[in-house]
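Every chain is named by a letter (A, B, C and D) in the order it is written, and numbering of its residues begins at 1.
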Amino acid sequence: MKIGFIGLGNMGAPMAQNLLKAGHDLTVYDLSETALAQLNRAGAKIAQSAAELSSIPGMEVIITMLPASQHVRSVYLNQGGILEVVAKDVLLIDCSTIDPQTAREVAKAALSKGNPMLDAPVSGGTGGAEAGTLTFMVGGAKKDFERAQTILTTMGKNIVYCGDSGNGQVAKVANNMLLGISMVATAEAMSLGVSLGMDPKVLAGIINTSSGRCWSSEIYNPYPGVVENAPASRAYSGGFGVDLMLKDLSLATEAAKFAKQPVILGAVTQQLYQLFSSQGNGKLDFSSIINLHNK
Amino acid sequence: MKIGFIGLGNMGAPMAQNLLKAGHDLTVYDLSETALAQLNRAGAKIAQSAAELSSIPGMEVIITMLPASQHVRSVYLNQGGILEVVAKDVLLIDCSTIDPQTAREVAKAALSKGNPMLDAPVSGGTGGAEAGTLTFMVGGAKKDFERAQTILTTMGKNIVYCGDSGNGQVAKVANNMLLGISMVATAEAMSLGVSLGMDPKVLAGIINTSSGRCWSSEIYNPYPGVVENAPASRAYSGGFGVDLMLKDLSLATEAAKFAKQPVILGAVTQQLYQLFSSQGNGKLDFSSIINLHNK
Amino acid sequence: MKIGFIGLGNMGAPMAQNLLKAGHDLTVYDLSETALAQLNRAGAKIAQSAAELSSIPGMEVIITMLPASQHVRSVYLNQGGILEVVAKDVLLIDCSTIDPQTAREVAKAALSKGNPMLDAPVSGGTGGAEAGTLTFMVGGAKKDFERAQTILTTMGKNIVYCGDSGNGQVAKVANNMLLGISMVATAEAMSLGVSLGMDPKVLAGIINTSSGRCWSSEIYNPYPGVVENAPASRAYSGGFGVDLMLKDLSLATEAAKFAKQPVILGAVTQQLYQLFSSQGNGKLDFSSIINLHNK
Amino acid sequence: MKIGFIGLGNMGAPMAQNLLKAGHDLTVYDLSETALAQLNRAGAKIAQSAAELSSIPGMEVIITMLPASQHVRSVYLNQGGILEVVAKDVLLIDCSTIDPQTAREVAKAALSKGNPMLDAPVSGGTGGAEAGTLTFMVGGAKKDFERAQTILTTMGKNIVYCGDSGNGQVAKVANNMLLGISMVATAEAMSLGVSLGMDPKVLAGIINTSSGRCWSSEIYNPYPGVVENAPASRAYSGGFGVDLMLKDLSLATEAAKFAKQPVILGAVTQQLYQLFSSQGNGKLDFSSIINLHNK
């Protein structure tokens, strides 16, 4: 297939590589010359702008992977943006993690120009992007979702349909808010138990067979030494960074403001990650939040 | 075995019944004449006071199941209490859920009189007490734990050794604090997703295969209709009550003060349950906290 | 002076009336025909658009009073907006309460077109707007502030210079966040004291001569009957509404995200007002938050 | 008057000194020999125990100033305690800061032995204790309050009657909870304003003439350099320590649990002081909490 890919960062570059490996005819665009050169060496064509990429004849699908809402808005809606030049029926897939409102607004603008659009944020990190094992949470029309299946399967393992436009973002934001709260909660429970004299492995074992059990306690326990392969057991290196969790919690609390929905623990957790980040821990794995409570 | 049982409330009465069914020689004591009469009809002997029960010749084990720390302190330590009259080596098992400090203090007093003591709080609710499927979290000396195994197995299914004296209480308080926070977090995530347009079952499905997964989302989802047998699907009747969760969160925050351990989300969650209880919801299942956020 | 005024809502209309009363040559614009007609009867000229108003020859000052950031952005920056047509050196004064970032961005755009601009959000409510006793918190160049003094004094009593562009908004957002937290804190302290058996007037008297003293306890006590003229003593009618406080707390937490500044109590307070508003109390005075804690 | 004084710590010792200076016939007791010797040199008689002090013939008033609830309970209620030996009608005044429940319980026990009792916690710190300018918040019967006036006036300046037994503690706990929240709120508002570009003195000036005004912003501003004589301007030395504020917030949240009264901001503030104390800041002035948010 003839595919365009805009946004070759830590996530976008390996995703584009996987599309190349699968034999697709790929044209890429990014502001970084280095990133473009790297994909070019791997076999991708290079465009000089989003507009040039979007106006390539015969283009079937354009994928974007951008840092934040304002970039998505700008790449799609601004002068010289995708929607100004793209041919009708080209399928647009935005894999950025952004707020649901922007996702819906851009998708509506696309549809009014004759372009189906999906929001398809991912989870799985750079490891998953490289291995092609990402999870995609997809919002948009069912038939467009089906059209995108083959391509998404090239880059990921779980492709989940979440319903109408924007729902991919909603699912991601709701899941990650719950994850962030659970991680702080696990950190507090482990710290409390240990400070009262329990062995951390014994405590984790009890929690994981009881009603306190969660992904953060079982798979990713923040207490060092409890789960052998978790970031906590390698000084919180690698994994999903504090600043990325902070970004997702900020998206969640903003979406909650928009929906007039109270999310009290979500807001406190966003603040705790802000506090911890401002103390210089933004690059550590997000399970390091346990250190806010200790020492 | 010759066993004494003090405290025949909603939990204690069915636990005592299971000891009778297993053929033990049981003497019971409670302030309620009705409760005593009921156990008497089932075959138990009746004592007129804790002291009378504790001074029965040949007694091997005394089990207590009381509402709160002050009752445990009073039944064991006061004039006319167990420790004043009980013979050396009688094994004492307190199944009440109380703060770890009191548990340790009482166990120390028991030991100094020559009586081994275990703290063995339970989870599993009245249903588990009746079915004999409770989980016991046990703190104390390993050899006393082993001595108690047969008896506890008569009343429960999972008998977990948590380490030194008080650790049974620590494990329970840490697990239940994590449970309470996770429940509010799940309520917020589900409410946020639905208010932004997602189907609750689809959202729960995504969370339960992702990193937000927890016991509260999988087994006990607070959104009505998502889990067929959960209290949320029967108007929050039955289950584990709001006021019981409030009690456990209060124990957790008190234990945290004692240990000088910050538990920020734990404290906020304790307050949210206090707020929700004071609005008249104390008897509903604790997953009904989702209604604090909605409507 | 020849003045233009855009935005004739609950605040803007009486502010414009005060300019008329002071004898200024006033042209007004608003989307509402009713609002325009009312000012017209009072002696104001009417423009059919922001652009028409902005291109009136000899115009000296244009004042805007709009609901939110997006309206300010649109009225100044969009096609057909003020900056497209306004003559150089016309002084622009935005009295809307918006986020500091937008205020700075719009002021920068104005300056690049040759127009000095001030942000001048107000406090004092509709009562202050009618009586001409508003407080103006003003950000921008000192000499522009001096140029605006006469006009602002027509509409207000305290005209406070806050420093560079955007600082008027910063001062308002910081003050109102502190106000919102203090109000909830006063509500909690009064409720706690009364629930433990104290007379509310005695308690308020003690607090107001001690270190707990604040504007919310002294002037605007949320407990009914403590301050005779406060909204609490007239069923929380009149005053500064819950939804307006919620808007200001949302601006504060957004500005904090932008500045990467933790504001933990600010975020919790924003959530509590969101919760209370979503229970149907948005139009009551903001001191009614005490009812979230009681009964 | 013939007065007994038990508890010669940082507060109690200078209070006792002021009683001596006023010419009272004073007998003191404390566990510390050093403290006793110091008062002895100043002219006080020494007792070897609380019981010895309490059984001195002709004793008119006994004052206690102790660290926490358990000490008050023990000194009054235990074997060898005051109530076991004290003559009828001796007036008992407890100046300790403790929870209202304990205060009421001890006062009730005293009354049943024929002794009127007042709870009279103070504010004003060691400086106020030395200068004799403390504020006393007094709970108990009005006629006992009147009887205590002369003595309390020797040690303090403001003697405030708060109503029935325990209300002195209630007033203190409610005021100090409000103080603690206001301090964190002021810290957040100042930090937010400064991080967004405002001069701290200008911001404080605006807040102090607006609705955000509070004792913490006016008299005791936590931002260095804003109030010349505040602890913030001398590296947070002197003043009211973090650990003392933590103690009072813990009393407030415990009293709230007892009263089933939600105090959400109170609980979060208690946690923030716990967090800040556990990072090694317990001895700094409590306004140093601003450093939790900065750097």
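Here, contacts are C-beta pairs under 8 Å (C-beta built on N, C-alpha and C of every residue); 3 or more make two chains touch, one makes a residue touch a chain.
What you see is a predicted model, and the numbers here were worked out from it, not measured in a lab.
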| item | value |
| --- | --- |
| Intersection of the contact lists for chain B and chain D | A, C |
| A-C or B-C - the one linked by more C-beta pairs in contact | A-C |
| Centroid-based (C-alpha) most distant chain relative to chain B | C |
| CA centroid of chain C to CA centroid of chain D, Å | 40 |
| Length of the line joining the C-alpha centres of chain B and chain C, rounded to whole Å | 52 |
| Distance between the centres, which are taken as Cα means, of chain C and chain A, whole angstrom | 37 |
| Multi-chain contact sites of chain A, meaning residues that touch two or more partners | 256, 260-264, 268, 272, 275, 278, 293 |
| Complex contacts: residues of chain B adjacent to chain D | 250, 253-254, 256-257, 260-264, 267-268, 270-272, 274-275, 277-278 |
| Residues of chain A touching chain D in the complex | 268, 275, 278-279, 292-293, 295 |
| Chain D partner contacts - residues on chain C that touch it in the complex | 100, 123, 135, 137, 158, 160, 162-164, 166-167, 170-171, 173-179, 181-182, 184-186, 188-193, 195-199, 202-203, 206-207, 209-217, 219-220, 252, 255-256, 258-266, 268-269, 272, 293 |
